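Going by the order they are written in, the chains are A, B and C; count residues from 1 in each one.
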Amino acid sequence: MIRFILSRLVQSLAALAILSVVVFVLARTTGDPLHMILPMSATAEDYANARQYLGLDRPYIEQYFSFVGKALTGDFGTSLRARRPVMELIQERLPNSIRLAVFAMGVSLAFAFPLGILAAVWKGTNLDRTAQVIAVLGQSLPTFWVAIVLVEFVAGRLQWLPAGGISGWSSYVLPGFTLGWFVVAGLMRLLRSGMLEVLDSEYVKLARVKGVVEHRVIWLHALRNALVPVVTFAGIYFSILVTTAIVVETVFAWPGLGRLAYDGISSRDFPVIQAVVLTTAAIVAVVNLGVDCLYALIDPRIRYAR
Amino acid sequence: MAIDPGTAERAAGGLAVPERDVTAAAARRRRLPLLPLAIIGVFVLVAILAPVLSPADPLSQSLRNRFKPPVWMEGGSTAHLLGTDRLGRDILSRIIWGSRVSLAAGVVTVLIASAFGAAVGLVAGYYGGRTDAALMRITDATMSFPVILLALILAVTVGPSFTNVVVAIAVILWARYARVIRGQVLTLMSLDFIAQARIAGAGAWRIITRHLLPNTLNTLVVLVTLQVGYVIIVEASLSFLGAGIPPPTPAWGSMIAEGREFVTSAWWASAIPGLAILAVVLAFNLLGDWLRDTLDPKLRQL
Amino acid sequence: MPSPVIEIRDLHTHIVTRWGTIRAVDGVSFSVGEGETLGLVGESGSGKSMTCLSVVRLIPRPAARITRGAVLLDGEDLVPKSEREMQRIRGRKIAMILQDPMSSLNPVFSVGMQVREPVALYHGLRGRRLTARAAALLGSVRIPSPEARLRAFPFQMSGGMRQRVVGAMAIAAPPRLLIADEPTTSLDLTIQAQYLGLLQELQSRHRLAMIFITHNLGIVSRICDRVAVMYAGRIVETGPVRQIFKSPAHPYTQALLESIPRLGDRRERLTAIEGQPPDLARLPGGCAFAPRCPYVMDRCRAEAPPQLAVAPGQVSACWRHASA
């Protein structure tokens, strides 16, 4: 088991390393940040000085290694635009994104599990049909459209919930719901199809033959076997929630990582761009690692196969 | 048609689950999904015939005609069946022209990504070992990169354009195909017919193209269909953020962005493009589901 | 004669499908006494598994229904019982061993958990006493080092060993009736013999009534006392094994026995039964075997024959045995 975790850890680090190079290159291709920072009247000499001050005149290789070196100690440099350490900016924004993602994920799981499982158990009933409709719609509706509509109606007209920003529990609801909508759809389908397959299996038949009570057959014997693909996708979805919440954050004025990235890109703020992408990748890697460990817990065959 | 007792027993024997609708489900599987196909067909036709079908010039503005409602509402007229937007442009025409963008983006991106991804998956699965491990590391790293971020960066560096959208999405989307196809190839490799082909002297290229590829086509088709909808939504999201197709070319996503502040007053400016997206994506998803049920039910998790 | 443990009277189970209503069990009657083993023989689709699934009421509802008949367990009819009551009967009074050991054990739970479950359920034991009883059960089916095995997972065991575990779970109560649905079909030949021996031992120790479903007449001759031959959802012949093998009365039984090649036979071709098994949704009126029977008469096609006595203890559903 330990070996399993270690090997996955190494793989994640390798992936991160590759990513850091890519990010470094990409950030530099966004153009010259100095155009955005220095006033129009700046002279060539001002540019040269600024370049030197910011360390942008050193050879690329040097810049890369200094970037990596500092990153490992948590120093992502200083935002070219905001003149503050990037780490600070991230520390301000990241928790907001994570909180929103966790909230959205939690709500989605709370809906997806019972719906998906019961849709399978009561296959063909109205509940099942409703669930399937929700699932298909969830994956076909564009998130930002739902977001806009919600902001206008629920927040604007009906005034039930706040339209944006963070202001206590109620402000999580709309963005969380918008984000979680498609997760519910995906997970519910997975659960339904997984459960349908498992409920058909010989070992479930045997459990019933043994006289095990039906709800135990479903929630213990059957569900455990249907979980592995669900866990995989839950992990993927969580990563998606954190990393691509840009759109939702824009509509709901949520001060998270997505907005930071958007602003950083528009102002060619290298350090910010690099830091955001790397942080994102790190989160994804951590989540994947967690997912892999969960697998091993759920399915003993994976534990022993490694 | 006489059913053999084996089928009967199988139909009844294994199941102890309340099965309300044995018949309807099986029947559904056989029928072609007419509605989704019709919707897709309509939009494809519309996209191709846009110059002919479009009642007005999608770019012509008329500040006098701002926010005219659709024809069935008070104040609407047949001149603008679906109303006009913030700048007085005819919405119906913009929807028609916008379908070109969305469909083209969806189809082209998915074709590129699937071709490349399948190739990687086939090679990785066939060669195995270090090649496989290396390719999978790259694949994993790619999959974890947020699409929208990349598109934003491209939009900012090179400037927003159709090509950038396609490139940004395809560059990350291929990884998904690579993973799935590789999984399939691994299963196929353990089957005897590959070993036999090898013994008969077939080289790598031959085995991959003549033996492995045809057996993964089912999966590819299903995956491709299901992904078109996803790509269309991503393209719309990018256009919404301003990083997609640049104005003034009509794109459904940017239409929604433009109508954003007027959702309660001139709701049609945002609602109608939203519905268009919903219709197309829904159609592709339903078609993909049907294909999956028919071709390869084991792909349930996709 | 002591009253039988299980008695099935004129059982009918119908399944509604889009091809029509399948009469999977079409008027089946037999009984099994304590310590007795009844072999249930027939081709696939003949209704042997469905009959036994009907006994424990694990038929796919609501498409499948018991439409007529009674299933008497120690004199008590199971058919009108509710699902809750049936849950209490399954495992405790009637146990079943399924065919494929590779798939009958839940892959994600340890063997110990799966064996403890019925013991806890039937006997209310917990903790160390539960574990001890579970280990003892494994021991009684001749599994070596049972305590260690409790912690193992199914994928770590061979087919034969898994089938023993299933056997252990089956006798956890112990039940009155054990139904074994082709338990040895997926096992290696050498393991098969061992397993059959184990089943016989368990039966004599717990005085079980046993129904052994199989299509293998060789196994029937080894461990069954009586045999019932099924065709198209009906029982065509019942009787003591020795007797049936020596002088089969029903044409179908005869054909089955004929088709087994024997050592020393000087035939060039194997004998097969003419024709195809019938469409269970469109059974002909009259005898189901009539289309393929070499002795068919007009009466056979018109009327379905009842069980007619042929010899002491042996009945056959064939008009040839009617005295009239």
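Criterion: contacts are C-beta pairs under 8 Å (C-beta built on N, C-alpha and C of every residue); 3 or more make two chains touch, one makes a residue touch a chain.
These figures come from a predicted structure and were not determined experimentally.
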item	value
Centroid comparison with chain A (C-alpha atoms), farthest chain	C
Highest-count interface - the chain pair sharing the most C-beta contacts	A-B
Averaged-CA centre spacing for the pair chain C and chain A, given as whole angstrom	54
Chain A and chain B, separation of their C-alpha mean positions in angstrom	21
Sequence positions of chain B contacting 2 or more other chains	15-20
Multi-partner residues of chain C (each touching 2 or more other chains)	58
Residues within chain A bordering two or more other chains	202, 205, 208
Chain C partner contacts - residues on chain A that touch it in the complex	201-203, 205-214, 221, 224-225, 298-301, 304
Complex contacts: residues of chain B adjacent to chain A	14-21, 24-25, 137-138, 140-141, 144-150, 152-153, 156-157, 229-230, 233, 236-237, 240-241, 253, 256, 260, 263-264, 270-271, 274, 277-278, 281-282, 285-286, 289, 300-301
Touching residues on chain C, where the partner in the complex is chain A	56, 58, 83, 87-92, 95-96, 98, 100, 103-110, 117-118, 121-122, 153, 155-156, 166, 169
In the complex with chain B, residue positions of chain A that touch it	11, 14-16, 18-19, 22, 26-27, 29-31, 121-125, 136-137, 139-145, 148-149, 151-153, 156-157, 190, 193-194, 197, 199-200, 202, 204-205, 208, 229, 232-233, 239, 243-244, 246-247, 250, 261-262, 265-266, 268, 273, 276-277, 280-281, 284-285, 288
